């Protein structure tokens, strides 16, 4: 229990302000929070973001729909396929493009694989935050590497894929795709088991995470949290289930929710989600048939009629929304990226006050923030 | 007494100087070896290779690191307290080396035989916390300050169980002289009679050394290296040297006090190389266990660490000392006393493990899985058809 | 929702099938104007009534828009700036887009932080990027930009993006090539 230290001091004490970040090993990039601490207890947290701000939304207004895809990778560098998906689906909805079936299945497979690689990144980084000396990190990265290799074979790049296109995909997947996915899934399943063994069942890990950074369902909703952070509080909001896109309504999977909304729940929800992702990919692989990967009639220069759409998908960190306003033409008039971490990070202050300094690090880690996505 | 290690007649001061020189040169080599060993061992645990480039199998990596550290600029922050900042490494470094005086490496191979060897070692080892606090205070850095205060709290908390566990062993061995304790273990090592003190010693040793899961004062992800955050170059490497020297020396102590040192199972008749090898193997086993713990366990929080010390380890080590006293004061026959001691201590160990399991191992609800059937999706009404 | 668009139904039919009737009922006393859109229904509410309308939408038992998905602005140049709220109801699983149009000479609107705390950072971002002032915001500092830049609003259309426009603007041959 992170009961705040309520001892009345007999002598006058002064709270200490500690500036954590932007260059601190566990702020996951360039995040800064100023902790006001009384001994080891955090009295107040003031988060500062914006160190990675690159004016992404303004830039996106100058890019045509093709160039925007590559830009989406750079906003969310751990779940690139998911970010691209929101963008291309927004363009498709505005331009009324039909996407061939094969492209949809491949998109689903890649998005779920991306969820796996992103969650592996989380388990590794979170292990380090909790103080495991690199082991969780190395184990996770080994698994993530296998997935990145597959992405590289498909798209030609390890990080910035730019593989989805409005209407489908840039090109078809390689011929050995099915065999490679099977290999990746095999190693991934073992990796999930390893993570469970190393962290989930570890007594010290539990002592550090259980009942730490608890947020109630009502608070999480009020703060606009999504994804595993919200589901750990027990709200089964998963856009793949509540507003199915792609073919998520045709596959069988479970929405994972926690019970307490603490750091431990956020961790196990993600680990369990990885298992569900494996399930989804296996079902997708069965249903994948040869066919076209782009619509037959695709204009060389894509233009959309005027209109606006707020298109959201379930990215690994939560709802990744693209609010696109088109005034006609080949580029968005306004593009707002609704970042999942941005909203999740708002709740940090509520979760952290009253806990210990060491918990602040773990709580921040459990939000799994990507600063590029927060600041855009 | 005026014989040096190799039996020559020699002046007392020259003898002392020779022995000190031996320690310092030995330690430097050992520490380099330990750093290399740790990097290799941890790398294997993490499916990496560790250092491979410098020298054959990376053996010269530590030498290269040492050269780099010595050649680096020694930076002192402008706002730091110059005297406190610059003296702190010595306060950490010297007490650790003083501990070597009493450690028995082999039969008649120790710097000095001290009648109260255990007390001497414990007394000297607790001095270095002054250096830690000096480093934290003198750096004028809030992370360093936080780390130093954590270190002080931790050292004070774990000093006590450490002392009590060694006192329990001293009672059983009927001596506080380290050499006598080792010689008394020719038949059976102390760990058999006193498993609980060994456990307490190991845990407290981890805390004294600031090793995972008790690396709270230096936690990289929290206080970014704690008291050392502002140090660089040679001063930082002195902290580092002290850390590994302490690791080595506490492992040697553990090997000598609990695992029979050079005496068990070969006895005193076997030659010096055998005895040295035995000591090295036993200390190595302890060091390996520490590395193993380091790569496996997350870090505890400061309040959990203190609670574990004051609520579990300290009371139970008092009970152990009392029980030992009760058994020994009535002077039962030797074999009965031995069995009683082992039984009580073993029961205590089981108790500690049970307490630990109860406090942290409470079952957690698994994540709830909601499937399609359960979530009867109501139609999303707001979605106007195209 | 259930009717497929056979021969493009009229806007009224679309709205009648959507969530608009309930919204209309919940927004009694607030002048609201609906507009069908690609996915979610858009409701226009004038700026002086916006917080009242949002609170009514949140507190309505049946609609229960308890979740603010997103809050942002769109610069319509001469027509002022739109503040756009994307709402969602977790229990009812329905969406709504609420818009309010601010005239260019008075970019002020009441804060929605009293309705959803989530609006906090979104409003701070909108404030520094568009210069919209959110009246009553608890912490109106800059969020993403340095705290001393308070007179420049990068996401407005009149804010120059000089070099990049030269490289990627209308002058580049391929970008305006007909399909």
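Some notes on this structure:
All chains are identified by letter, namely A, B and C, in their written order; residue positions are counted from 1 within each chain.
What we mean here is this: a contact is a pair of C-beta atoms (placed from the backbone, for glycine too) under 8 Å apart; a residue touches a chain by one contact, two chains touch by 3 or more.
Treat the numbers as computed from the prediction; the structure is a model and nothing was measured.
If subunit B is left out, the remaining chains stay linked by touch in one piece.
Chain closest to the overall centre, judged by the mean of its C-alpha atoms against the mean of all protein C-alpha atoms: A.
Relative to subunit C, the chain whose mean Cα position lies farthest away is B.
In terms of their C-alpha centroids, the spacing between subunit B and subunit C amounts to 60 Å. Work out the mean CA point of subunit A and of subunit C, and you get 24 Å between them.
In terms of their C-alpha centroids, the spacing between subunit A and subunit B amounts to 40 Å. Shared interface positions of subunit C, defined as residues touching 2 or more other chains, are 37-40, 93, 95.
Under the contact definition stated at the top, the residues of subunit A that touch 2 or more other chains are 242-243.
Of all residues in subunit B, those that touch two or more other chains are 377, 380, 386.
Taken together, the subunit A residues at the contact with subunit C in this complex read 49-50, 53, 55, 57-59, 62-64, 67, 93-94, 221-224, 235, 237, 242-243, 299-303, 307-312, 319, 321, 323, 325, 330, 333-334, 336, 338, 342-343, 345-346, 375.
Subunit C meets subunit A in the complex at residues 37-40, 42, 66-70, 72, 74-75, 84, 86, 90, 93, 95, 97, 116-118, 120-121, 129, 142-146, 154-155, 159, 161, 164-165, 168-169, 175-179.
Those residues of subunit B lying in contact with subunit A across their complex are 42, 45-48, 142-143, 145-146, 150, 212-213, 215-216, 219-224, 294-304, 356-357, 359-361, 364-372, 375, 377, 380, 386.
Considering their complex, residues 16-19, 24-26, 37, 40, 96, 127-135, 138-139, 142, 198-199, 202-208, 210, 234, 236, 241-243, 252-260, 264-265, 268-269, 272, 356-359, 361 of subunit A touch subunit B.
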